[in-house]
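Shared between the two complexes below is subunit A, which has subunit B as its partner in the first and subunit C in the second.
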Partner chain A sequence: MNYVERDATRSLAEALPRSRGRVTDIAARGEPYTWALGGALALGIVMIVGFLILVLYNGATTFIPKPIAVMTLADGAVVAGEPFRSESYRPGTAVLEKLAPETRARIAANDGYASRTLYRIGNYDIYNEDFRWVSDFEVARILYPADLIYAERLEWGPFIGRLKSVHVGGAAREAASIPEAELVRLHGEARARWQRLRGIERSEIGAVNHQIERERLAVRKAEIAHGAGSAEARQRAAEAATRIAGLQKEYDGLATEARRLREEDRAVRVTLAAIGGEEKELPLSALVRFYPANAISLTGKAGIYLSRWWEFLSDEPREANTEGGVMPAIFGTFAMTLLLVIAVTPFGVITALYLREYARQGRLVSVIRISVNNLAGVPSIVYGVFGLGFFAYVLGGSIDQLFYPERLPNPTFGTGGLLWASLTLALLTVPVVIVATEEALAAVPRSMREGSLACGASKWQTIRNIVLPRAMPGIMTGIILAMARGAGEVAPLMLVGVVKLAPELPVDGFFPFVHLERSFMHLGFHIFDVGFQSRNSEAGKPMVFVTTVLLVGLIFLMNISAIAIRNRLKRKFAGSQF
Partner chain B sequence: MAAIAEMHSSAPATEYHAKRGDQGPVIEVRDFNLWYGAAQALHDITMTIERGLVTALIGPSGCGKSTLLRCLNRMNDLVDGLSIRGTMLLEGQDIYDARTDVIALRKRMGMVFQKPNPFPMSIYENVIYPLRVDGIRDRRILDETVERALRGAALWEEAKDRLNESALGLSGGQQQRLCIARAIAGDPEVLLMDEPCSALDPIATLKIEELIDELSGQYTIIIVTHNMQQAARVSDNTAFMYLGRLIEYGETEQVFTTPRLQRTLDYVTGRFG
Partner chain C sequence: MKIHALLLAAASSMALITAAGAQTLDPALADYKPVSGVSGNLKSIGSDTLNNLMTLWAEGFQSQYPNVKIEIEGKGSSTAPPALIAGTAQFGPMSRPMKAAEIDQFEKKFGYKPSAIRGAVDALAVFVHKDNPIKCMSMQQVDAVFSRTRKGGTDRDIATWGDLGLTGEWASRPISLYGRNSASGTYGYFKEVALFNGDFKDSVKEQPGSSAVVQGVASDKFAIGYSGIGYKTADVRAVPLSAKPGEKCAEATAEMAYAGEYPLARFLYIYVNISPTQKLDPLRGEFIKFIYSKQGQQGVLKDGYFPITKAIADEDLSAKGLMN
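What follows is the complex of A and B.
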């Protein structure tokens, strides 16, 4: 038996070509495939890094103060503006015909291309445009005068021109005669006064209004409970009337204070002059910040840069979202993602636990598993429609009827809001968590389960004490993926609660302090809104980049913290042999 | 069915000359058959395990010795498509009766596995795990149990200063002794050991063997092993299994020196297997 086998081996060896074992074919070694694989990876990395550099560069440079160029054009017009971007283009024949022969010759030598620059000329209220193209051949003279200022205003966008005079206490003073320190002080005072005025109008009067509204609702509630005109309702109405009278007095006091401040504010005025001589008078407090763009020092530039970033991060948007800050959007995105995680984690983990540990693995479970995976492929807008129809209208509508009948027909939960948006996104991302959890559960070694069962633990105790902690890093991976997907999603949110401008944050000082029914702002929607829905898309473009940087940064931060938690959990199991 | 019946009649009866313990049997197995789907893994096993003795199960790979061991505390319940026929009794109580509380049953039998499988927790938490699942929170009882179990598993001296460190930081041999400590922490009647030394080096193996020797007075131990010297060293009775059948079951000394069957002799002298 053995003998025969050995014989067969020998004849097989002789049948092989003699060259075998001498030179290995390059395809067999797999080098070309390795190169292809590496190339694919490199391509991916280049695209990701390129995208990040583009976004980061544009985002980081947006707030740098730029010099203001004053150009005297060939036709005698004077244009002042910040250079925004340059490009080369082909001037039309009508334009070319009007040019001097040597200019025409120069353009012809350059294949008919001329270069032009887009300037931000500001002064929208005077010129009716914010930007203007200036071709290089048009420019006769270009200067950078030191006395030009770039002023960001509360309304109408930036003003580019000169500071002419300041009116304080009825007397007008030439701007040139005011020392810089005093100007800064005056501006600081005016802004502080304006902030105080806004504070009274927004929060203090807002609080009084809120209480008045609460009284009104309490009366409504009593009417619904006991019938309109009943003794209880009438008594409640009388109570409300006395309280509202008190509140009205408070309101009047605040309104008087506000009126006084507004008069003071109006008394300090500034006159600005555009480069063409057009003048514009406005309260000093209407200037958010201003600086001599061509005479500013490096530290001054850095200060402006940082103060713009601070305003961006901490303030509310103004000017149809193209200026000011995005704080409500940052907060909204963060709160929504947090709620999403809180909703999706138990839901996904419990589902996966049942599917993997308890359900009998059969056809039905396979069908469910495939369906869950397919859910991940449903267009997100469909989830938005579902969220609006089911969560907002059906669930929210029922909640309103049960708990807030006094506010009807105004919806409370019966419309889009933070809670419904989070739940909709939780639904959208739950397949990710289910799949990741199932895999994590399947990866828990059998020896661990057996060890626990052999100790007399029940199946549930085994899952709770051994399987779940062990699967936690894998579950966290699923949550991280769900979070990243959810935080970047925009389309469904537009239906279930995200709005262009929501001055009220979902968290404030009024009971119950967290208002999940409120609509909110979201960085992703903000990008869409600023980039494509604003009057001035050119002005919005840099904001798109800055907001993108912020959104990417926020998701990055949230992911990093989740990954840090996961790694801590992983380290716990690091010594394991299995 | 006819084929099975035929195998029944053709199967040689077990050569049975096991030592009787002075406390009587603790486990009785009668005509026990087991199938994985259509494949029969155990054929008509009949044997008793004597209280207080060490019983070794030996035999070549795939002979069914681990399967038999895992049937005793119903660990095989986790396997799909398993079917059994026959009876297994633990102190007269039918292990496979539908009314048997499997969890309570497992608490009466500690089990040590082939590879050390400490949980990713501290040493302390590992040892008290059987008590934790019973809901015992009394710190005094827990502390006492940890010391008793670790001393019992000859790990106390090495581990007493690092009770709150992760059990995964222990060496392989220490981990296995920790698993033994965990198995005896719940004070079981029977200790099932499924090749407890196969993943360990010779020195760690020696320690475990000494430990088995020490524990043998207090517990009934059933040990599955591939290592015949080990079986010879630690056990009182040895069961030799082959192809799902119990071939010879007798006093260890006799099985290894003067077995009654040629097949047993061939195996224990290393002629096959």
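What follows is the complex of A and C.
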């Protein structure tokens, strides 16, 4: 600011009333607004980052093995458990009255506050509860004995106690006398046998059962086509009977083999003893993993941490979804998003192409455009209702009548399923793709179209060879947005095919291999289910965090790969421009 | 009440509870024996109270019949009858008996009534925060806490913990109410039995799931809420209840439920479309048998509910022609 200017300002300021002094100056330059905007942005970022850190921290620490504390309480009871969380509270008068005077004085000195810890005590089949609060003043002594084990079981949740004996080959042996290496080997063998047993039951017996079911359906189909009791139906029934007899023999063979394995499996048993002395005997294979929680090395801890993650990612859920893995849900989320992209892309791009390139711009087209934009604002649950009513009941119902009458009243396509869920979400996200594609088409320079047309190309050739390739990155952006929106949506899915339990993947070894009519599991719904519907909401909470980490990760991964594809496309066409 | 009489009859014949407090099964229940040729798809739509139990049964059944596919959807008991009528589900788990109107609709479509399976016994619990010192509540008090119509006959509203006789810091604190949404059978049952068909207060915070109610009560020290006993966690406590003021209060235990002492005990039902003229297909028939078997009832224990007895199992199985 030079001298003359400052002088002028001063004279102006003197001329005006005093209240419009420096404050007005700053306001006029817009500084407070810039600061406010910057602050708001920072707040937004801090909240997002904070949320992600919270989820990541809780998700990442869930699977870390914790030590087991054994507490002798003042009344002589012994409690063993993993510490879960602590809090401070004010014990009620009824509780305080029962305490020793010195304890009461200590609590009073602390403003009436005492602290307590929630322990996961496991052994649900013995205690009928999985968690227990223990107040600090109740505890007489805390120990961390090295021989306590934490065993994850196939049923009934974890067991906390001691490994008492192992029964192999008809003889019981004290667990203490078995070297660790042998125990690990025995457990490995038992698990392998159990996996083989499950393999026989699932795939081999499963295949036989599947064929028997097909024969039954074929008979039913013949009955529907020719009338029950007709010659054709009777002939088909006789054929089916001979085939089923053959299959039955095959089944019996497999069942005997399975029974043999099962007996072998049951012959290797362990006896576990809870801290209070209650014993449980179960097959060794029913222990998913077990470890001496207080005597485990750092590498051992890391191994358990990783194996828990691996189980979570690759296994099926157990115990009403609160344990085991979420593989079907990962697959379901992924398959649905993929189908959604396959369905939404052609629809969105073709609509946008027509609207932008062919349609005469007039009132009708603007009305359509406004409608498309409005469509993006319709609540997603409305799409769910539409999907259920139109896709599942009307469309699917008619498909069932036409192609699967033998299966009625059991619906095939006439209920929610992967296909209908994907189509419903495609409807939900199609406005995003249309708008993005239109923008991308509009951004292709007019000169390039004119150049192409001048060289004698037809309109379609111009669109195909000049316009579309250059609009591709923009179209991809639209698809990425649609994908992100679709993968995170849960409300409409609950109506059109997402279920709590559907361990059967939509892809398997039976003709026609891809079963789009099947219901499926979804990570978003899994979070809702484990968080709000599971029996033991305390045990469910950490699983909610882990599943959230997974869902966020999956969407992130899908977006990253879509962005990578878009960048490749951009580079490709950037080079060919001049 | 009818259910209490039945439960009483069933319980008087056998001792079901061990001294340790862990519930055990009726030893007379049959072991489940798998048969061959069972495969196909099953779908269950209905109660969310029964959601986990259906899942546990499904897991157990699938371990017997690996190629059976079972899908489970639980959005509330009221979703079961339409699904059975439309044929979109084979099983309709419900935490309350079907209403006459629902049975009529079913009958109009098929010409016969749906069959009910009594799969488990639930004690609906009134939960409070673990630090809450309240000892006992009568059903009339429960009504006055939750209802604005107070059909139970109490003359004044109960709005604070002081009204329930608590002292100290509790006396002046208002009671914060948690409950289920109206699609749920738990909501319907509670309205019928605990509210004597009255209306809920507007201040009841309706939750989307039974465990959401428990979590609500766990995080709010002055809260009260109701849901199935199976959802109890270490953070909440079930209040002992008495049917009439001044009577002895009964804990929400299996013992009390069987004896008919606990006023909010109920059966959990699974409804099935069984035609009286046609033979039941093996898939559904075996699933029903599985529910009544030792293995099936073990699932009930696992989910925190109370198992049924052999007497009830036999009664239901013979009614469906499944005894052999």
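The rule is simple: the second predicted complex is superposed on the first by the 527 of 578 C-alpha atoms of A that agree within 3 Å, B and C clash if a C-alpha of one lies under 4 Å from a C-alpha of the other, contacts with A are read in each partner's own complex, and residues count from 1 in each chain.
Convention: a residue touches a chain if its C-beta (ideal position, glycine included) is under 8 Å from a C-beta of that chain, and two chains touch if they have at least 3 such contacts.
Keep in mind that this is a model prediction, so the values were computed, not measured.
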### Message
By the touch definition at the top of the document, which applies to A:Q461: first (subunit B), second (subunit C), both, or neither?
### Response
first
### Partner chain in contact with A:W35 - subunit B first, subunit C second, else both or neither
neither
### Task
For A:A320, decide between first (touching subunit B), second (touching subunit C), both and neither.
second
### Query
Of the two partner chains, subunit B (first) and subunit C (second), which one does A:Y144 touch, if any: first, second, both, or neither?
neither
### Query
Who does A:P469 touch here: subunit B (first), subunit C (second), both, or neither?
first
### Query
Thinking of the overlay built on chain A, is A:W310 touched by subunit B (first), by subunit C (second), by both, or by neither?
neither
### Query
Given the touch rule stated above, what does A:E450 touch, subunit B (first), subunit C (second), both, or neither?
first
### Greater subunit A contact set [subunit C / subunit B]
C
### Message
Counting contacts the way the document defines them, which residues of subunit A are shared by the two interfaces, the one with subunit B and the one with subunit C?
### Response
none
### Task
Using the touch definition up top, name the residues of subunit A that touch subunit C in the complex.
89-94, 118, 124-133, 155-156, 198, 201-202, 205-207, 209-210, 212-213, 244, 248, 251-252, 255, 278, 318-321, 393, 408-411, 414-415, 494, 499-504, 518-519, 531-538, 540
### Message
Help me check something: in the complex, which residues belonging to subunit A touch subunit B?
### Response
445, 447-458, 461, 465-466, 469-470, 572-578
### Summary
Given the complex, residues on subunit C that touch subunit A span 20-23, 36-41, 43, 48, 51-53, 55-56, 58-59, 62-63, 65-75, 86-88, 90, 130-131, 133, 168-169, 207-212, 214-215, 218, 230-235, 273, 301-304
#### Entry: Contact set on subunit B toward subunit A in their complex
73, 75, 78, 103-104, 106-107, 109-111, 113, 115-120, 129-130, 132-134, 166, 168-169, 172, 179, 182-183, 186, 192
